[in-house]
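Next come two complexes built around subunit A: one with subunit B, the other with subunit C.
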Partner chain A sequence: MVQDIVAGAFCCVGTFFFLVGTTGLIRMPDVFSRLHPSTKCDTLGACSLIVGMAVYSGWSWELLKLIIIACFVLLSSATCGHAIGRSALRGDIKCWRRKNGVEDGHGT
Partner chain B sequence: MISLVFIAALFALLLYVVANMPPMGDPDNPTNSSEVIERYLEKGGEETHADNVVTGIIINYRGYDTMGEVTVIFCALAAVLAVLGRERRGRIYAYVDRSRVPSSVIVRTMVALLVPFIILFSVYTILHGEISPGGGFQGGAIVGGSMIVFTTIFGLLESSQRIPQRLRFPLEGSAVITFFAVGALGLAGGGNFLTFAWPEIAGNLQPSLVVWLTVLVETGIGLGGAMVLISILFSMIREEEEIAVVP
Partner chain C sequence: MGGGYAFSRRLLLCIILFAFWIALTATLALYDLVLGAVCSAFVAVLTVALLGRALDPRITPMVLLRLPWFLLRLIWEIIKANYDVAKIILHPRLPIDPEIVEYRTYLPGDLPRTVFSDSITLTPGTVTVELEEDLLKIHCLCPYHQEGLAGLERMVAWLFGVKRHG
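Up next, the complex of A and B:
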C-alpha cells in the first residue's frame, strides 16, 4: 500500500516535469532558453518515472533493467543537450533579449 | 484565439470518440464476430507453433503481405541507387564534414560508447521478436539508425571500414532471399507456399524446428533491412573523389 503511494507520487512528479518541460519548449523564445526546460524532461521527468516504476516493482530483475535504462537516459540526454547547445553557440545564433521591456515577438 | 477554439473542439471530439469506443475484451465487440479472428486466436497456436499470435499471423497466415513489404524495402534501395548511383566496388569515397561546428570530444566518446549497446539491443530485438514485441524490421531499423549516428560523427571512412562492402552488398537482398527460401521449403514439403505444415515429410513439423525457421526469417529481415538503410546512407553521404581503396 505504502509502496503504491510512493510509486504513484514519483510518477506524478515525473509527469509534472514532462508537462513543464514541454510547455517551456513551446513557449520559450530561442534555442538556449528552450534547451533548458527540454533537458529537464529527460533527467528529472524520465528518471522520476523510472524511480516510481522501480519502487513499484520492488526487488526483482526489473529493477536492474530500470537502473540500466536510467543510466542510458542520463548519458544520452546530457550528450544531446551538450551537442545542441554547443553547436548553437559556435554557430553564432543570437541570444534572445528583451528590448526596453517590450517583447519582440519571437515567442509563439 | 481561433486555433485555441479549434483545439478545444478537437479535444472534445476525441474525448467523445474515446468514450464511445467498445470496451476492451468485451466478447460482443464487432471485431470479435469475424470468423477470421476466431480462427487466428483458436487455431493459431497449433497451426503455426508461434508462442506469440502476432508473429504467427505476420510470418505465417499473412506471409504474402510480409513478403511484399520486404520486397518494397528492397525496391526502395534499388530506386535510391538508380538515382544516386552506387559507389564503385572496392572504393571508399571522401566524406567532407560540412558542418560549421566539428563534433566535440564528449559527443565522440559517448557515440563510441553507446553504439555497441544500441547494436546489442537490436540483436535482442531481432532474436526475441518471436515471442515479444519487436522483430526483424524494428531491429534492422535500430542498426541502421545507430550507423547513421556513427557515420555523421566519425565520417564515411571509419564506418566503411566497420561495415565492409563485400559483406554489405550480398546481405542487402538477404531479407527477400530468406523469406522466399523458407516459403519454398514449405512448397517442397508438400504444403502451401509460406506455411510450416509439411504433409509429405511429416504431418506437422516439430515446434522447435518451426521456432528456428521463424528466427531465421527474422534474422534475414533484420540484416537485410539494416544493410539497405546503411547502403542508402552511404550513397547519400559520399562525395565524388575517392580517397582510399578497400584493403
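Up next, the complex of A and C:
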C-alpha cells in the first residue's frame, strides 16, 4: 500500500517534469535554449519514472537493471544535447540574446 | 603490449564485465556465474589483443569506488537544476538571458574532460556546446548559472584524483 503510493508519487513527479520539459521546448526562443528543457527536465522525468518503477518492483534484480537504464538515459541525454548544441554552433546559428529582443536566432 | 603491462588492466576490465553480467542475468546460480566469468575473461583478453589496451588508463579501482558517491552528488545537482529550470520555464515572462561563455578547465586528458562536459550538460541551465582541448564553450540560460561550474570541476577532479597546479 505505502509502496504503491510512493511509487505513484514518483511517477507523478516524472510526468510533471516531462510536461514542463515539453512546455519549455515550445516556449524557448532558439535551438540552444531549447536544449535546456529537453536535456534537463526529460532526464529527471525519466529518472523519476524509473525510481517509481524501482520502488514498485521492490528489492529485486529488476532494481539493478533499472539503475543501469537510468545511467544510460543520463549518458545518452547529455551526449545528444551536446551533439545538437555543437552542430548548431558549427552551423553558425546565433545565440538568442535578451538585448537583441526581436532577433529570433534562426541564423539570419 | 607487454605481457606484464596489461594483466591488472585486463583483470579490472574482467571484473567490470562480470559485474555487468551479474546485473543482466539476475541470478547467482553456479552455472551462470562460471559461464559469466569465462565470458568476461575471454572478452577482456580479446579486447587487449585487438585494441592493445584494456580501459582508459585513468579508470582505476579508486575511480570506480568513488563513482557511486560522485553520481549521488551529481544527481543532487541535477535535481536542484531541474527545479530551477522548471521554475524558469513556467514563469509567465520567461526570465532568461542566454549567452555562450568560454571556460578553461585544468582537467587533463580526454576522459575527465568528457565527464566534466557531460556533467555540465546535465546540471542547471548549462549545456556544453563545444569542447576543444581545455576550452569549453557553454551555453548558459541565465548568467548566474555559471557559478556552479567551478564546484562541478572540483567534483570531477576529485573523482579522478587530479590535483590543481598553477
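We take it that the second predicted complex is superposed on the first by the 95 of 108 C-alpha atoms of A that agree within 3 Å, B and C clash if a C-alpha of one lies under 4 Å from a C-alpha of the other, contacts with A are read in each partner's own complex, and residues count from 1 in each chain.
Everything below uses one rule, namely that a contact is a pair of C-beta atoms (placed from the backbone, for glycine too) under 8 Å apart; a residue touches a chain by one contact, two chains touch by 3 or more.
Worth saying up front: this structure is predicted, and the values here are computed from it rather than measured.
Undergrad: Quick one: name whichever of subunit B and subunit C touches more residues of subunit A.
TA: Counting residues of subunit A touched by each partner, the higher count goes to C.
Undergrad: Taking the superposition as given, does A:L64 touch the first partner, subunit B, the second, subunit C, both, or neither?
TA: In the superposition, A:L64 touches subunit C alone.
Undergrad: Could you say whether A:L75 touches subunit B, subunit C, both of them, or neither, answering first, second, both or neither?
TA: Both partners, subunit B and subunit C.
Undergrad: Scan A:T43 for contacts with subunit B and subunit C and give back first, second, both or neither.
TA: The answer is second: A:T43 touches subunit C but not subunit B.
Undergrad: Look at A:G24 in the shared chain and tell me whether it touches subunit B only, subunit C only, both, or neither; answer first, second, both or neither.
TA: So A:G24 only meets subunit C here.
Undergrad: Tell me which partner A:R86 touches in the superposition: subunit B (first), subunit C (second), both or neither.
TA: It touches subunit B and subunit C both.
Undergrad: List the residues of subunit A that touch subunit B in one complex and subunit C in the other.
TA: In subunit A, positions 75, 79, 82, 86, 90 sit in both the subunit B and subunit C interfaces.
Undergrad: Flag every residue of subunit C that touches subunit A in the complex, lowest number first.
TA: Residues in contact with subunit A: 20, 23-24, 26-27, 75, 78-79, 81-82, 85-86, 89-90, 94, 96-100, 117-119, 121-122, 124-125, 127-131, 137, 139, 141.
Undergrad: Which bits of subunit B are touching subunit A when the two form their complex?
TA: 99-101, 103-104, 106-107, 110, 113-114, 117
Undergrad: Inside the complex, what are the residues of subunit A that reach subunit B?
TA: Those in contact with subunit B are residues 72, 75-76, 79, 82-83, 86-87, 90-91.
Undergrad: Where on subunit A is subunit C touching in the complex?
TA: My answer: residues 17, 20-21, 23-24, 27-30, 32-33, 35-37, 39-41, 43-44, 47, 61-62, 64-65, 68, 74-75, 77-79, 81-82, 85-86, 88-90, 95-98.
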